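These are the structures in question, set out in turn.
Look at the two complexes coming up: chain A is in both, with chain B in one and chain C in the other.
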Partner chain A sequence: MKRSLAGLALCLYVALSCALAYFFPQSALAFLLVEAGLFLLYYVPAPRRLKISLGALLLLVLFPVLGWANGYYLEVAIQIGIFVALALGLNIVVGFVGLLNLGFVAFYAIGAYFWAIFGSPQANAFIGGNLFPLSPNWFFVFLILSIIVGALTGVLLGLPVMRLRGDYLAIVTLGFAEVVRALVNNLDKPINFTNGPRGIAPITKPPLFFRPLLEFFGADVSDAKLYPLYFYFLILFLVGIIIWVTRQLENSRIGRAWKAIREDEIAAAAMGVPVVRMKLLAFAVGASFAAAVGVLFAAKQVFINPESFTFMESIGVLAMVIVGGMGSIPGAILGATGVTILNLQLLKGLSIWLNGLRQSGAILSIPLLGSYPLAQLPAQFEPAKYERMVFGLILIVMMIFRPQGVLPPGGARRK
Partner chain B sequence: MALLELRAVSKRFGGLQALANVSLELEQGTIASLIGPNGAGKTTLFNTLTGLYRPDQGEIRFQERSLVGLKPEKITAAGISRTFQNIRLFAQMTVLDNVLVGMHARLKTSLPAIFLSSPQFKRQEQEARVRALELIELAGLRGRENEWAHRLSYGEQRRLEIARALAAAPEILLLDEPTAGMNGREAQSLMALFRELIGQHVKAILLIEHNMRVVMGISHRVHVLDYGEKIAEGCPEEVRRNPRVIEAYLGQGSWMVNAQS
Partner chain C sequence: MDLALEILPQVVLDGIVLGFMYALIALGYTMVYGVLEFINFAHSEIFVLGAFVGVEVLLLLQSAGYLATMHPAIVLTLVIVSGMVISGFAAMALERVAYRRLLGEPRLVALISAIGASFFLQDGLRLFESLWRNTFYLNYPTLDFLERAVPLTANLVIPVKSMLVIVMALITLAGLHFFVNRTRLGLAIRAVAQDPDTASLMGVAVNRVIALTFFVGGSLGGLAGVLFGIHYSLVNPYTGFIPGMKAFTAAVLGGIGNIPGAMVGGMMLGLLEAFAASYLSLLTNGAFGAEYKDVVAFLVLILILIFRPKGLLGETVRESKA
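This part shows the complex of A and B:
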């Protein structure tokens, strides 16, 4: 009885928040309420079937409809998807196996450049015949190939660092990521592979293979309006597969072996776990997720350069995993979503709001202290610029009050 | 032909001769104890047997097959599994998962089968779970399977280590001080468990033990190490009366001291 009531409340909440977001398409707050609905779905004890169907409805229908009303929402959702996929990949290496990897962005970069080079005229610089850019249909081939390329580079990094742990491993992975970045930054001479710091553009987008179908139904939609939706569904699909694969692995002998290695490598070996092979597998799986997302990222951005793959990106993804709870799939998803929303919406929204106040000439009056015209507020005071600081504060607070993360593994079971 | 045979195994760490020409045979269907003062090389012998160390010299044969140079996981797969003196459980995993890790070498599902959640994978997982629950019950931990390993009491943790070692379906079980820190009653119930294991779950048990009541009560054969050398071997009664053993444990001339006091 209580559960069905909770279910009803959930339905109402989703309907209400979506209506709000639909009728106030410019309100970041309304959209936040919609996103919060997804977490309520996870938390509130309601009939499982209802929760799944509500979640599917939200992700497959309501989000795209809202995104149609305000394209920025889709952009946010795509970004969230990208970071969720990255966090899930890193969670395997850091959370399951306990190997601190500070250079995860390298695999993301490799995936992105993989498609960027062949999906743009760039490859003509070193392969004759003017074959490039490849046709959009090749996108899916490269998406699958990138999984293999990512896995191979993961193993390539894994092999030499097998004996390292903790700080030493962290330093080597950090170095690896910097080497990859330095390579793409400098491989524009003597042969121009990556076009160096100028970056690569334009990168081919995936094919609109469903266009005939739309025309059949008489829908006439411009490409510019269609692509964000298309990428939204692509990333949703990719994240879905990644979650499925990670869950399957976690609940198999492989996931158990990974966690055993994290807990006690010697005991794991004594129990028959092939430690080296399992570690390499973890590197390979994590890297393949990142590389696949990289291909998608390159196609979405149309232009990429080495700036997108800095050390701070690695740290950001790692922080998402830590905030969410290392070794927990829901944790990684929550961490990535929360941090991305914080960066893209909350802080930005706050900046816009403050700017609005500044321009409207509002006056802040504090009792006893007098008044302060907001127009005099220095331009440096802009919340969006304090992203890293807010981030650091959150991490510090987390480490003090909840070091295991928001949703640690097995949290429900422990209660 | 003995199930397990060590021939003149030596291991040196720098200036310390941890094992010197140790030979030992373990017969099928028996429980053997390895005793000796602290630092005698008992745990080193276990580590050498299970592939954590490689012996400098000597030969280790298990079921006609040499184990020297094999990696720990291969030796476990071959049929020897162990517990640790200082408990080494997977603390942040459940009791059930701890035991399931022990089965790693026995589960053979391929990656595609796992990704696709094939019927074969599901069946194997289900069977593994059933078997793990049996072992948990055997170790007397029934009802605790979803508890985190680090939340178990000390005695329960020792029992869980045994269940985990059994999960690898070994022929030989190596137990490193299984009753350390236990009271008399707990030790008694463990001894009963060991007797039950022989013949039903494993072919032979080799245990390191300091509790003489356990050693004398359960062993078919006792091997004594001192400074890396094997100084005596025999049935419990023979070893108890062996002067070299008494000397190793109590020191030279202790008879005199005892006689005078």
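This part shows the complex of A and C:
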């Protein structure tokens, strides 16, 4: 009885929040309510079938409809999807195996540049003939190839560092990421591979293979309107696959071996776990997720440059994994969503609000302290520019007060 | 080849200056690692804080009109002492707030907290300077006597700035050597580094020694920051990351936890970097230039950690936990 009541309340909540978001397409708050619905679904004890169907309805129908009304919503959803995929990849390395990887963004960069170089005229600079950009159909080939490339670079980094202590490993991965970024930044000479700091554009988008079908139904939609939706479904599909793969791995021999290594490497080795092979596998799987997302990111952005792949990004993804709870799949999803929303919507919203205050010419008067014209608020004071401070605070506070994260993995707790 | 020989003295001088700077920062990493076995990732921000304290003191003196009238030695002493003291206390505060509660936790928990502290401090400095001066890119005011240079030979001109760095670093390193090896407090630091439990049984106040270590390491970082600012003039809150990483590399190169090792490692890395910056493009006919000097430093770090993780002089990390 209680459960079905909760289910009813959930349905009402979803319907109401979506209606709000639909009728007030400019309100970031309404959209936040819709996003919160997804997490209520996870928490509220309602019948399982209802939860799944509501979740599917939200993700497959309601989000796209809302996004159709306001393209910004889709942009946010796509960004969230990208970071969820990255966080799930890092979660395997940091959460399951307990290896702190501070250079995760390197694999993302490798994936992105992999498609960017061949999916744009860039490759003509070092391969003869005028073969590039490749046709859009190659996008899917590269998406699959990137998984292999990512796994290979993961193993390449993993092989030499396997024997290092935890904190040394962290620093070496950080060094690796900086080397990759420096190479990307400087390999525009002697042979122009990456076009250096100027970046690469235009990058080919994936093919609209379903266009004939749309025309058959008489829908006439412009490309500009169609692509965001298309990317939304692509990233949703990719995240779905990643979640599925991660869950399969977690509940397998491999997942158990990973966790055994995390808890006690020597004991695991004594019980016959092939420690080195398992660690390499974790590096490879995490890196392949990141590389695949990188391909998608490059295609979505059309333009990429080394600025998108800084140490900052690695720490952002790490913060997501830690907020959610290391080693927990729902945790990584929650962390990525929460931090991305914080970054994209809350901080930006706050900046816009402060700017509005500044321009409104209002005067803030505090009793006893006198009055302060808001126009004098320093222009430098913009919350959106202080994401490092926010990430830093998140990391310290989480480590001191709740190192296991918001949604720690079930079962045995870490010591 | 002639060109290579002609610039050689200048390159060596640059390398030595850089090397002393790295050595001073590396000492902060290595001393903290010695007592706590953890990488104080936020040390690079303590270094930057020193640079900012230095520029603030100079700017305040300038706006009060004292900069031109005061004796340069007094100005320098004021700048250096305030940079060292404030950085030292900041490092102590950092330990108290972000690290002390995590002492018993796994190594990675404290490291993640340190990374958080590093990011927080970067933007904290930026916020402060933005509100205070409306910009966070600050220029050191020029001090006339520091702009002079002593021409030694045709190919080697020694700027007074470089001499200042070398002299200050030498004095501090000698002082540190005396402090660690000849005083009771230094003995306490060494005792905690060797075995905190036994040290505590022998009546050493371990927590206070740890705080003291952070203060000493932090003030050395602050000194490096002031010297960095005076030498290169331009500072911003994000300058610390690359020098910090390189100083850490220097600490590992010499053997982490090992104080003479940090000096040797810093000097080697500084020279290596100066040579890479000047000779890479000559060696490769212009294909790879000075922009790869950071890559060289990071590659050194990776290679050292893989092939000789104990560093050149051997690390002094206690047996039980290593």
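Note that the second predicted complex is superposed on the first by the 410 of 415 C-alpha atoms of A that agree within 3 Å, B and C clash if a C-alpha of one lies under 4 Å from a C-alpha of the other, contacts with A are read in each partner's own complex, and residues count from 1 in each chain.
As a convention for this text, a residue touches a chain if its C-beta (ideal position, glycine included) is under 8 Å from a C-beta of that chain, and two chains touch if they have at least 3 such contacts.
Remember, it's a predicted structure, so these values are computed and weren't measured experimentally.
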Simultaneous placement of chain C and chain B on chain A, clash or fit: fit
Which of chain B and chain C A:Val221 touches, first, second, both or neither: neither
Contacts of A:Leu183 with chain B and chain C, given as first, second, both or neither: second
First (chain B), second (chain C), both or neither touched by A:Ala15: neither
Per-residue touch tally on chain A - higher for chain B or for chain C: C
Partner chain in contact with A:Ile315 - chain B first, chain C second, else both or neither: second
Which superposed partner A:Ser252 touches (first chain B, second chain C, both, neither): first
Touching partner for A:Gly410 - first (chain B), second (chain C), both, neither: first
Chain B versus chain C as contact partner of A:Leu164, first or second or both or neither: second
Overlay on chain A, chain C to chain B nearest C-alpha distance, Å: 13
Chain B and chain C contact sites that coincide on chain A, given as residue numbers: none
Of chain B, residues touching chain A in the complex: 50, 52, 71-73, 76-77, 81-82, 84, 88-94, 97, 100-107, 109, 111, 114-115, 117, 121, 125, 128, 146, 148, 164-165, 167-168
Complex interface listing, chain C residues touching chain A: 38-39, 97-98, 101-102, 105-113, 115-124, 126-127, 130-131, 134-136, 241, 245, 248, 252, 286-288, 291-292, 294-295, 298-299, 301-302, 305-306, 309
Contacting residues of chain A [partner chain B, same complex]: 244-245, 248-249, 251-254, 256-257, 259-260, 262-264, 266-275, 327, 409-410, 413-414
Contact footprint of chain C on chain A as seen in their complex: 98, 100, 102, 160-161, 164-168, 170-172, 174-176, 178-179, 182-183, 185-186, 189-190, 311, 315, 318, 322, 378-381, 386-389, 391-396, 399-400, 403
